[in-house]
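Two complexes come next, and they have one chain in common, chain A, joined by chain B in the first and chain C in the second.
On to the complex of A and B.
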């Protein structure tokens, strides 16, 4: 009980807002020092971090497992692409909000039959959904562009931003950095809302539902509504992430949003640390630099990236990492970090 | 009679049954694992395909088909035992999400490992029986000697598993260990060993499903993905506890898929499982073939 009260009062919304702004400004400042390549990697990682934090919320806080978040990403991505192709001058913020709403509606629809399911049943249901989404997209080629997907104009920097840059590659660098900055700001806003949600009445109700649903019901929590809400919020975050990713890359194809992506999301979330904001950030960063990681392994082990083994190395590495993390350190890198700091602190307290 | 057998309805029904038996087989293997260790094995399909790859690749090199089937079965059995000992045993008593996540990771590992071990080969695996469909007065009936072999083999395995559980001492012990592990342990049943045996058995059944699916087709790591999803839904529809429910569910989904494929669109076939699941959950959320149980508070 004491702990609950502590959580409630220790970080008021205003200090969370300050922290968010400081971190966002810091993030934007860092993008000025990076190369165009790193900026675009960072932007992709930021979009994925949004999806991960949504998944983390669902699994870590409400205790429901979803393998369908790649499907909700697809909904957000297609909503963005279809809208952008018809209304070229819409401000980004409107497009992002639209995709978020589409994701939330998709989540609500799937939640209606799913939240009656528990644990493995639910995971299987969402698995079926993530399998069905690509064939669905293929079945309406006039809307979704079929297997070729859709293309749209990706984000480009406004003139005042381009004017900050000079030199031969000013436009490329400006565009890459602009996308990274937009992604960081959007991620900061999304994380701010999630941080508040974690410590809100809903967040506390959610953890009670996860730990003991009977007690939650006795305390007046509506199980069905709480679980559905958790699902819809997670889907909304996936929709937002998918939308942002589409705006960054300028294209959407059904193959992108299939089961391997869901597995990757789960891996990144577990690696970072389930149910934590910092874990989601770490997951996003790992996503950004996963190709570097794989090429590092290629270099150190001498496996050729063009061989069949090298081409599949990423899947194997991430699968093995997921298994090892779950078996040895189920709380992920964040958990390892806090264990280390407590090890350092404990002797100090004793002395 | 001839026109009846070649009518669209019967054609789709027969096609649905022949794909349904494989779904039913995988669903049965999921139920065996679920009953023994309460884990939903997300890597079941991939493990079955791995075993099938080991055996069926040798068929191309001229090895006898039946020897290769036995090899696949042996690999499947061994893989199940090793998986339970190494990946699942450390997770007993942990939150139920942990084994789910581990098996999802294992799924990723197998599906990346298969194409890096075996070079892609688009040739279909040779079959011991003819794949030419029977004709009736110039009309094709969607049954070939090979299809009959697939169905008979699948039904034979199901029958064997049923006999094992119902009529042997070992089957009795396994059921007891699943139902009341503590009591069984007190009565001298080596429960841990039987949990491993459950995985071995289930993985063997999965390997045979992989063999049935792969024969007559080109081998691909993802061959079983769609089947696994359908099989999971079949098992869930039956209530995850009931072998009969799983088999019925599997046939139901196979036939539904076949009808959607025939009358609607091939892209919509993956929706068959979702449709069946949503309808069955709306009617009986605890599964069609389970008695009402109260959940411990």
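On to the complex of A and C.
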């Protein structure tokens, strides 16, 4: 009995696979009920969720802070746009894998000097990287399109999928939903792999290094290799997210992937809950639908979206949410959820 | 003493000196540990015990001399190589991973074993899950052996100090070591826990050698086969506890007895 209780905490791969498929099917089913606009927003949120889970892995599991993940997104985004413009018939899966690999290589290169640094020094290093990406893109216009960026054919639904829809908006709805569905499936696959890592020897190595590096080394963990691997995986996920976002929007510009995006990613990760898969999903959803919240505030308070205050309202909302989360639920919305669950369960058990 | 072929040495520290700038922390220190032997490394504060431990573990490189592990066929190991080579070490205090449950802390001791590499982990291949289950079962059995299985799901911060120390030993044992290095195993333990710990360490002797640094002489004397006494970075005596306890140099230096 005691043994069973313990084993329950280690989910085998097959359970994770089933959970992934069920959740992906559920996500795809939900897209059928949404408007074209909400489907597009969901697709963007799914791409951001991939980046957040990679960041969560780096910060929550390996204990390394990065302000440079928007830079890794840029690497994935540019790799996608450059490749797609030269090879228009490449299957999307290949483009995504290529961008993921480019992100990983970028992470590996930055990790080599960075993993020797701790705390604010590491944050400073990744911050510098975050600042360097836009000027780098601007300095190689023949490759990156300069300040105007690059454009590519965004994802469009295949004919059989378009045929599922009817009416005057059929093509728009089909395309929006197709992109959302593709994004959901890619996110599900990325999350499945991350869940595997969480529950593996590799995942434990990260937590050992984070908690006590001397004891980790004595347990046979190579600190440098483990920290580098954490960076490379995080950057690979950022590359994948950037690639997906580029395929969804059909464009990439240097301004998109600058420091504010890195800060936003950190904020979303903290709001959802650091180091958790569900926290990353929540972060992605907040990203998707934060505009809805802002327009609701605009409507109820009468603040004009064109006023100076109104134009900055989104940033203010995120700031307030972040402060409230740090004060009331340091483990994010996921942590708050599990705390509420345990509070509800406790009286039931006691009675 | 009259054995024809002495057992192979597990550890041989040979003429090791460690200098920090002008300060000599260890000066031509030599000692060894035979198979299935319990050796205590003692000495007053600042004698160089922890430095000696750190040199053996590779946290410090010796300025001169060699640390050999003849039975393991290795020398001058780096910390991350210790576990794989068959050397385990506990840390002063408890040195547990605070955010990992007790069972996961113990599982960490098997981290250096093969299997469950990055790609098998990422893809969730059966071999990865199987390894995790095996290690988990083994860790639970280890906790059971030490009588602390009921704490398996607790976090280190929520368990008594004596239990946490046992968890640290359980973690070290998971590496199936040939040499166990215990850094102040008795510190912070009450009388009951001390006798419990002494019998635990005595039991290890059947399958491994043990090197321990300890201040508590009541704990060390009946436990070890041999003592190595350090003072001002030098070995001033070495031998069985019965001899050391009457050694004049030791009494003068370590116990502070006027001669």
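To be clear about the criterion, the second predicted complex is superposed on the first by the 340 of 351 C-alpha atoms of A that agree within 3 Å, B and C clash if a C-alpha of one lies under 4 Å from a C-alpha of the other, contacts with A are read in each partner's own complex, and residues count from 1 in each chain.
To be clear about the criterion, a contact is a pair of C-beta atoms (placed from the backbone, for glycine too) under 8 Å apart; a residue touches a chain by one contact, two chains touch by 3 or more.
This structure is a prediction, so every number in the text was calculated from the model and none was measured.
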item: Larger contact residue set on chain A - chain B or chain C; value: B
item: Which superposed partner A:214 touches (first chain B, second chain C, both, neither); value: both
item: First, second, both or neither for A:323, with chain B first and chain C second; value: first
item: Partner chain in contact with A:202 - chain B first, chain C second, else both or neither; value: second
item: First, second, both or neither for A:297, with chain B first and chain C second; value: neither
item: First (chain B), second (chain C), both or neither touched by A:172; value: neither
item: Which of chain B and chain C A:162 touches, first, second, both or neither; value: neither
item: First (chain B), second (chain C), both or neither touched by A:336; value: neither
item: Touching partner for A:101 - first (chain B), second (chain C), both, neither; value: neither
item: Those residues of chain A which chain B touches in one complex and chain C touches in the other; value: 214
item: In the complex with chain B, residue positions of chain A that touch it; value: 59, 63, 65, 67, 113, 116-117, 119-121, 123-125, 127-129, 131-132, 135-136, 138-139, 214, 259-260, 263, 266-267, 270, 307-316, 318-323, 326-327, 330
item: Residues of chain A touching chain C in the complex; value: 2-3, 5-7, 9-10, 12-13, 16-17, 192-193, 196-197, 199-205, 207-208, 210-212, 214-223, 229
item: Touching residues on chain C, where the partner in the complex is chain A; value: 57, 59, 79-84, 88-89, 91, 95-100, 103-104, 107-109, 111-112, 115-118, 120-126, 128-129, 131-133, 136-137, 140, 149, 152-153, 171, 175
item: Of chain B, residues touching chain A in the complex; value: 34, 39-40, 42, 87, 90-91, 94, 96-98, 100-102, 104-113, 115-116, 119-120, 225-226, 229, 232-233, 236, 240, 265, 267-271, 273-274, 277-278, 281-282, 285, 297
